[in-house]
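Residue numbering begins at 1 within each chain, and the chains themselves are lettered A, B, C and D in the order written.
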Amino acid sequence: MKVGIIGATGYAGEELVRLLLQREDTEIVWYGSKSYVGQKYASIYQNLFRFVPDVCKEDDMEQLAEEADVVFTATPQGLCASLVNEDILSKTKIIDLSADFRIKDVSVYEQWYKIEHRSPQFLEEAVYGLPEINREKVKKARLIANPGCYPTCSFLSTYPAVKEGIIDGNTLIIDAKSGTSGAGRGAKVDNLFCEVNENMKAYGVASHRHTPEIEEQLSLAAGEKITISFTPHLVPMNRGILVTAYGSLKKDVSEKEIREIYNSYYKNEYFVRVLEEGMVPQTRFVEGSNFADVNIKLDKRTGRLIMMGAIDNLVKGAAGQAIQNMNLMFGLPENKGLTQLPMFP
Amino acid sequence: MKVGIIGATGYAGEELVRLLLQREDTEIVWYGSKSYVGQKYASIYQNLFRFVPDVCKEDDMEQLAEEADVVFTATPQGLCASLVNEDILSKTKIIDLSADFRIKDVSVYEQWYKIEHRSPQFLEEAVYGLPEINREKVKKARLIANPGCYPTCSFLSTYPAVKEGIIDGNTLIIDAKSGTSGAGRGAKVDNLFCEVNENMKAYGVASHRHTPEIEEQLSLAAGEKITISFTPHLVPMNRGILVTAYGSLKKDVSEKEIREIYNSYYKNEYFVRVLEEGMVPQTRFVEGSNFADVNIKLDKRTGRLIMMGAIDNLVKGAAGQAIQNMNLMFGLPENKGLTQLPMFP
Amino acid sequence: MKVGIIGATGYAGEELVRLLLQREDTEIVWYGSKSYVGQKYASIYQNLFRFVPDVCKEDDMEQLAEEADVVFTATPQGLCASLVNEDILSKTKIIDLSADFRIKDVSVYEQWYKIEHRSPQFLEEAVYGLPEINREKVKKARLIANPGCYPTCSFLSTYPAVKEGIIDGNTLIIDAKSGTSGAGRGAKVDNLFCEVNENMKAYGVASHRHTPEIEEQLSLAAGEKITISFTPHLVPMNRGILVTAYGSLKKDVSEKEIREIYNSYYKNEYFVRVLEEGMVPQTRFVEGSNFADVNIKLDKRTGRLIMMGAIDNLVKGAAGQAIQNMNLMFGLPENKGLTQLPMFP
Amino acid sequence: MKVGIIGATGYAGEELVRLLLQREDTEIVWYGSKSYVGQKYASIYQNLFRFVPDVCKEDDMEQLAEEADVVFTATPQGLCASLVNEDILSKTKIIDLSADFRIKDVSVYEQWYKIEHRSPQFLEEAVYGLPEINREKVKKARLIANPGCYPTCSFLSTYPAVKEGIIDGNTLIIDAKSGTSGAGRGAKVDNLFCEVNENMKAYGVASHRHTPEIEEQLSLAAGEKITISFTPHLVPMNRGILVTAYGSLKKDVSEKEIREIYNSYYKNEYFVRVLEEGMVPQTRFVEGSNFADVNIKLDKRTGRLIMMGAIDNLVKGAAGQAIQNMNLMFGLPENKGLTQLPMFP
């Protein structure tokens, strides 16, 4: 498979490169970058010294479509939607790691992202690439909207409880915590070491763009419109997302029964690990892997279910999930190239 | 003032030492320790090299009561309750940093802490040492129950909203995040650098002992029994607690009005800073100080109020608040010795 | 005293602000900034919320000289030299935290800093502001060259050994490690959290600009020209510099004797703590303070002396030392406003 | 291949497990532990949840020799030497990650390690398992002394310069910095998060046990006895060792020539990457991999060569190198199971 990457010099792009280089059935033919055109890729990411002789190229989707069997766009919102067209989709498959095709309702997209959607005609065709719920659609797709990092972790943590009507979806509060690689590699004062280290803060309170994405997917699961509270936080660590979600119980059901439901939902899912009673998801225990660890705790005292999940934001939350989608699209084993065990410490 | 400290070699104890050494009106006459009896204090806390010639002594409350005007007990649960008696209280004042006298209902205490209370007769007399609500009682107290770190931050963040009936107290969900010094200085594998660094996890889910303490104080504020969800998390940083709290609105009120209410509640409070619109509390901006930074965000879309707060767990969450109480008990300016500005970065 | 700060929005500038605000005898009349003119200072440094109502002003040294008794320039190299003149020095005192007046030989300065010196006529007058060696000169100075962070720590760690001829100065190898605040608050990819965290690297190998500054001062101490190796490293922590220095012994002397020499050199120095046998300087034990902790270890096996030192790069390595110099220049107690004990953890 | 691990619950042991589980030609038949006998391995290392159903077993070398083709001992000093005998070595191969068989001179071992060697009769047979110099011997060995983490990094960084007589080995000063996983998983106060975070310190100054190991190997390379200075430092990061070494030049040679010599020494070494001019080894760029990145800088001004190297202490410094040795011993490709690219960020 020949692979092109637009946005290869961001953290998600680099994780794609790192993971794909370790396979024998893929060849990266295009290291796209806006800021580093003409520079050696390995001079930017010295971890890949000796393994990537290539220099970075400009974004040229037309040319890429000729050369690559699949194109990953790990780029800012709006770019993929501005580049894609029928001709391109007839020549290559696209896995978009931006939010351009995640939200089906174009007005919701434009309201939260404050940009005009340039290719709304592909919204219906684009498949929301969460294999755990859309596996069959992914297999046949030409255009994948790769889910956001927070939505992936939030959804996998709460899906069975919402789908089964165990909790009232409209009581759902998702308090999420993310490592700093989620903020990208842009040179901003806010992301400097000294600003992040020894600090914890919320951001995007009541306004984060992943909110409507989570709501849309949970609404589909519940079969009714669900509105949630979602608050992300920045944590002084490189990788990892932790979700702690709270929902009011609608049914009289025991913790054991809920865990069994979770187990039955995910029993065939290689990448979702339902932990045992008393274990909590921890980001260190999924770091570097494509796993999502989830568990629940029933709090009888308050009548609430506490749902917890952990992923590596750059793997299951971005590059790993994109490759999982690629595997499905090309008829390969879903976990091919993604069997790395979490690295600890 | 002559001061004795039982539990001077824990992190909260050391912070007491550090803060008190920088005053001219206090003298530490007793460095109590269980593990380091006979060792030089400055060999354990080398930051105080040349400033503390003393060696650590055993716990001897009888003797201490003779020598000290005030005794701080920064010790595990149960110890203070086992040492205090009328004779001692007639000779000295006690500020207990453990949970022994925080919860008025002894059965609640024994249920959550799993130990028998050894001095329930002092529960009524003991004053819950949150000066922002109990200032006058603190001034006259002989025995102070110094609040927990999580309860201090949780309470100050939510108090005006609960007290004014802006939110329904029983919908309150408090998601709290703490630096690792909150876990103490015990040599446990779970608190090793490599286990905490690059990690985020919840702990004590639906069972943390600070829950009933928060509930009791909020119930007093609301004038009715309030049950909350409280989930603490461990963060890879030394100091700091961040609280993100969610409550359903009971009243039709604007964000601006709520902020004005917060401002009116705290306008005379030196240590509570109500931030301006758009600012979020961040632990780095209170580190090393006795400040509690709070702010709110009204989410009209969900009908919820998001309340946020940040403190330094070792200062306003422990030693600083204890000294604030001491100042009040001895008729001193409340912020004496506590005017350190937060250190950043 | 009325104080003006040019470069108040960098980390060293902010540390000056924080320390000066806690004194009662100083008033900051000018918050100078290049990037934030017109913005509220406390919106940039939220730790100082409610304590600084001022907005940032442009650099206007002429005006500042009228208003301030002392001006701190915490600015990039070259700026102070381009602003200072006889008229200004006749009206106010200047403490320059940049390197402009540290090196007496203008050709050495221009060679290492690659800029033309704009005021070489003041080089002779300017006093190298290390009070531990130049105290009397500082008292009478109009213009202080505040030492660099690495030179301060390197010099205090090695001075007695070099001065006494215990080691051969030309064998001196200084391996230094610094927290990231030393790299400043500029928005550079290299200083992003994810680039610094979980990493250790050398930089400026054999070319760091603090090298000639250290050499000049040690040469003065030795009474002969000394050439050293100096290698700085970037450490994933906010504050702190640790120096490990190696020198070949010239004399037959015991470790105990060398420590006694160190003690005799520093016995009247409030800010230099010579540790006891077996203790090593650690950055956590000086954090937030103006102390320099030093110790030595004699390695008979190799015939080398290992000299170690630790400081807080923003305090003794920048703002604290600048205030120490200010105190001396105004006839105040040298440690006024600088008696903060190190904060740990 | 059936593999047994004694000391599987330490950090190095767990890294062995993690790396071996990802191969298809190895089966771990014995998870040995002293502290966790009878406990599920995956309850201790939750990252391996669902992949390791086994419980921990006691150390039983006799039984292990029957069941395993190769035994790794990742245990404290002295244990392997006390367990090994001719009968066991006739049945299985042993790769010892402790120091027991690294130093050929038993008196040197006993002097630095302060324990009696229980099996000196195997010292001669044991092969120092640094494949880059002892590849052929490793292939035929029954007993491998797997090198220490510091010695591996120190040696690979300095070997060509010492061997070629470019520098005077007796002027060599090695200043090393290590992540905290190198301190092991023991529950010690010194390794708590709050004690390590925001700190940097030297330890084992002039007395660290890896010193004679480095000296022995460099002496073999130089063909004469070499005595060095070696100082390790603790860094607030999980993984990684960085070495900065200084040596006085003996020859008139250019930096370019020295780099060419390094390149010629390592040109066939998969795991040693000689960086290009101007690049510095950084621990983040080898993390999670078996690579050693090295580079040199010639400082003409001082007449010294600065040699730098970076490894992941748990991979090339422990488990990865042990597997590299295992591959050689069993006639497998040397990099089998070790082709992970460094993970960044």
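By definition in this document, contacts are C-beta pairs under 8 Å (C-beta built on N, C-alpha and C of every residue); 3 or more make two chains touch, one makes a residue touch a chain.
Keep in mind the model is a prediction, meaning the values are calculated, not measured.
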{"item": "Required minimum of steps from chain A to chain C, each step between chains that touch", "value": "1"}
{"item": "Far-end chain from chain A, centres as C-alpha averages", "value": "C"}
{"item": "Inter-centroid spacing, chain B versus chain A (mean Cα positions, whole Å)", "value": "38"}
{"item": "Between chain B and chain C, centroid-to-centroid distance (C-alpha), Å", "value": "36"}
{"item": "Set of chain B residues in contact with two or more other chains", "value": "11, 181, 194-195, 197-198, 236-239, 282, 284, 287, 345"}
{"item": "Residues of chain B touching chain A in the complex", "value": "173, 175, 177, 179, 194-195, 197-203, 205-206, 227-229, 231, 233, 235-240, 242, 244, 246, 280-284, 287, 297-299, 301-302, 304, 306, 308, 310, 345"}
{"item": "Residue ranges of chain B touching chain C (in the complex, touch as defined)", "value": "11, 14, 18, 21-22, 43, 45-51, 181, 198, 238-239, 273, 275, 279, 282, 284-289, 293, 339-345"}
{"item": "Contact footprint of chain D on chain B as seen in their complex", "value": "11, 180-181, 185, 187-189, 191-198, 236-238"}
